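The following pair of complexes shares a single chain, chain A, combined with chain B in the former and chain C in the latter.
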Partner chain A sequence: MKTLSQSASLTVSDLTEMNAANSAGLRDEIRASLLESQLELNLDLSATRFIDSSGLGALIALQKTMRARGGQLRLLRPSPVVLQILELTRLHRVLEIVPA
Partner chain B sequence: MSDFLLCCPAIGPGFDLLGRPRPLALFPFLGRPLLDLALADLAARGRRSGLVLTNDRPAEIAAFLLEGKPWGLRTELVTTAGEPAAEAAQHLPAGAELVVLDHLPGAAPGGLWDAPAALFAALSSELGRSGADRLGIVQTQPGVFVHRRARVSPQAHLSGPCWIGEGAGIGPGAEIGPGAIIEQHSLVDAQATVVESFVGPETYVGQMTELRQSFAWGSGLVKWSTGSQTEVTDRFLLAALGTRAPTDGSFLGRVKAAWKAAFSSARD
Partner chain C sequence: MREATRLLRTFLQASGVAEAEADALELVCAEAANNAVRYATEAGRERLVVIEALLGAGSVELRVTDHTPGFDLPLEVELPDLDAESGRGLFLIRSIMDEVDYLRGRDENVLIARRALPRLPGRAPTARELELEAELGQMTEELASAYESLSAIFRFSTALGGSERGPAWIEKWMLELCRVTGADWFQFRLADPKDLSLRIVASSAVEPAPPLTAKAGGEDLAEVRAILTRQDVWFDRRQALAEADPLLAFGRRMSGVVHPIFVGADPTGVLTLGREIEADPFSAGQVNVIHTLADFLGIEVCNARVQDENLRARVLHRELEIASSIQASLLPAVIPQQPGLALAATMAAASEMGGDFYDVIEIPGTGTLLVIADVMGKGMSAALFAAIFRSHLRSRLDLARQPEQLLTWVNRTLFADLDRVDMFITAQLALVDLPGRQVRIASAGHCPLLLAQPGGEVLEFGSEGPPLGIEAETAYLGSALPLRPGDTGILFTDGVPEMSDREGDFYGLARFKSWWGERAGGTPPGELGRALMAELDAFRTTRPARDDVAFVIFQHPA
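Right after this comes the complex of A and B.
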């Protein structure tokens, strides 16, 4: 996982898998990396080759975190398989997606 | 004397997941495997005996063929090392008709296995052409074909064209169609949506899920419009029915249990 911290935003990339084994850790790590001034959290999912319900749960939890501070979560360039799972679960209507 | 040579398809790019549950020759088109349709067509055109070439799970093909008896044919199965169509020339008897299973009978040759989008186009075409032709199917409203032994909740919404096979179940609030094919013994749970999509045999489609422009068979999910394919590991979203929660063991028991679960959760 790579992070790019700027004054108003945090961008996270190189998330290759979001599964039951790592999603809670990723969520906590991202939350810990957020500065109070950062109201925009960008998750670059272009390299994500696998996501399951645990990964989706982490996305929802992070969205809740950002909303609670008046900010927003954006999913950048989700890979085709991530898009498939988001669509299957209808979360593409709930989460903000910035396509490639 | 053989008067036809029939080449089964090999699994090509983009068909890893769709070719996994069974050989592509047995891919169902509205409840009938492609090989069944081809053999029935050959028999109807007066053919009597022939060779069937395959390189994919020959035991399953042999079990289905039963030496051609169900079609009044005599068939011999030949297992090839490579793609059957590429080896057809060395097996083709003089004067025999060559049939490559890359199209539906009556359709232009080729194309079926070029890409998942081409396969879905063929399925849609078959739905428009012979949706009502299958045994036990009735048209309940324009373009809506449902098997007599399918169980469709009165609270489900069906929009033509769509086809629901034998033993399939559709839960309350589910939206099926347009352009939906639900194969035999599958279960689409409550509030799920299936539009321009194919649900393979014995597949569970979870509550409130949404399938658009997709093939779903077992845990395999293929977006035909993009060619993207993935394995769904959460069984409450998509699964082969045989892998769901343990029941009394029989397939019927599993379907019954899935139905019970679907309707009890809908009421709770």
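Right after this comes the complex of A and C.
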């Protein structure tokens, strides 16, 4: 996982796996990295080759975190696998997705 | 676990499954395995979650075995609220796979998920491969029916794990068996291993037929023949039932099979399944299922019988333990000693607790009352009556100066209770009156008292009246023996003369009397008691004592 911290936004990339074993850890790590000033959280999912329901849960949790502070979560360039699962679970309706 | 799902993916891709398919199947596997890990029972955490993938020509089947308490797989899985953080796993599995089953077992469940795959690219299948595939399809069909019955076993043994193996339980099983095999009716008879009677415990018939007996000559009847020949009996249009066969109550244009159930060598029951068609009732696979279930039922019924017997034995054993502790608690903790009167008492309880009892009671100003009694019967009731006898006796010690009056009073008071349960008590009382230099005795149907005199002569004072509990208005008679220095007496129960040896011969009163004459004089009572036990032990050798042995020894030293 790589993070790029800017004044108003935090961008996280190189998320290859979001599974039952690491999702809760990723979620907490990202929350801890967030500065108070950052109202925009970008998750770059272009390298993600596996996500399961725990990973989806982490995305929802992060979205709630951002909403609570009046900010937003954006999913950048999700890989086809991720996009397919987001659509299957209809989460593309509530998560902001920035396609490639 | 991710490693396992990655392995699965590698396997699928190496087998030519397209990447998108492999992705989806990997996800299904991960979801099922996640749940298996997350919800594992404490014991289940020690066990492996097993992931299997079966790749067929046009489909794939994933199986994930978990050790969780299990759950009810809903027919339709709803998506959770869009902002819920969990609850999408099952939905994903359902959405990706064409068919999902969840077989619940005892401590183990299996999620089975199938999905059609586009035929793998490559060469056309050979004739041999097609043949194999057809064979496989047939086997799968057979297996599916067996599998269904196995999952039924799982379900039923879980649901009915603790319940009784009674007729309702058997009936449920039979209905399940009918469903699985497509039978229209059933009948289950339990066999009594002793008299070989066959009694209906579950049947589709509205009015079950009377019992049959499986004895030679009854072979005309299909159920009897099945038990006697230990073989299935089939009936259909070609092999009709005999006119007298009770199975005809189910109709005439029927077919079916009668299957005898044996556990070990013992017949346990016979089950009949029938169909309302005349030909070819059951396939080989279905017969296999019938046999498997029948064996299972037989073993369960036998286990239930054994469990019943064990339970009864445990209850009895516990009762004997309680009775034995009551018996022990009734005996005096300390035998009172006084100048001029040495005393000793012993009781050795046999394994099957009897009702022997002794007591030694000092009555100031009157003397020492020695009591020996044998309550008829064994176990709890004997112990309880011994306790009742003891408390009655001790409640009227004012009568002890005339032991016959005490016996008369106890008999009159206890008669109704003893008579109601057909019990009786033999008892002997001896009041040792040192100042009066006499022993006053009274007996209710009890063994005689032996008194050894210094010269070696043994006097025997026999029974005067019936045991307590025989006649309400018995007036017991008393007698007095002179007590001289050097006299040694013994009150005992019939366990002493009736001690038997390996051949079953009794030790006998005569032998006891002469032993007493030789040994009693000059030996202190405690030592004498030990010598008597050793004498009896030597006589019976290896044979365990059948009855309690109790005795009270008194000695007026010279």
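By definition in this document, the second predicted complex is superposed on the first by the 100 of 100 C-alpha atoms of A that agree within 3 Å, B and C clash if a C-alpha of one lies under 4 Å from a C-alpha of the other, contacts with A are read in each partner's own complex, and residues count from 1 in each chain.
Here is the rule we use: a residue touches a chain if its C-beta (ideal position, glycine included) is under 8 Å from a C-beta of that chain, and two chains touch if they have at least 3 such contacts.
The structure displayed is predicted, hence computed values, not measured ones.
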Partners on chain A (chain B, chain C) - clash or fit: clash
Which superposed partner A:Thr89 touches (first chain B, second chain C, both, neither): both
Touched partner set for A:Lys64, first chain B, second chain C, both or neither: second
Touched partner set for A:Val81, first chain B, second chain C, both or neither: both
Touched chain A residues, chain B compared with chain C: C
A:Ala21 touches, of chain B and chain C: first, second, both or neither? second
First, second, both or neither for A:Glu40, with chain B first and chain C second: neither
Overlapping segment of chain C (options 37-45, 73-81, 271-279 or 289-297) - the one that collides with chain B in the superposed model: 73-81
Doubly contacted residues of chain A, that is, touched by chain B and again by chain C: 19, 50, 52-53, 80-81, 84-85, 88-90
Residues of chain A touching chain C in the complex: 17, 19-21, 50, 52-54, 56-58, 60-61, 63-64, 80-81, 84-85, 88-91, 93-94
Complex contact set, residues of chain B against chain A: 208-212, 214, 221, 223, 226, 228-230, 232-234, 236-238
Complex contacts: residues of chain A adjacent to chain B: 19, 50, 52-53, 80-81, 83-85, 87-90
Footprint of chain A on chain C - complex, ascending: 1-2, 20, 23, 26-27, 30-31, 34, 37-38, 79, 82-89, 91-92, 95-96
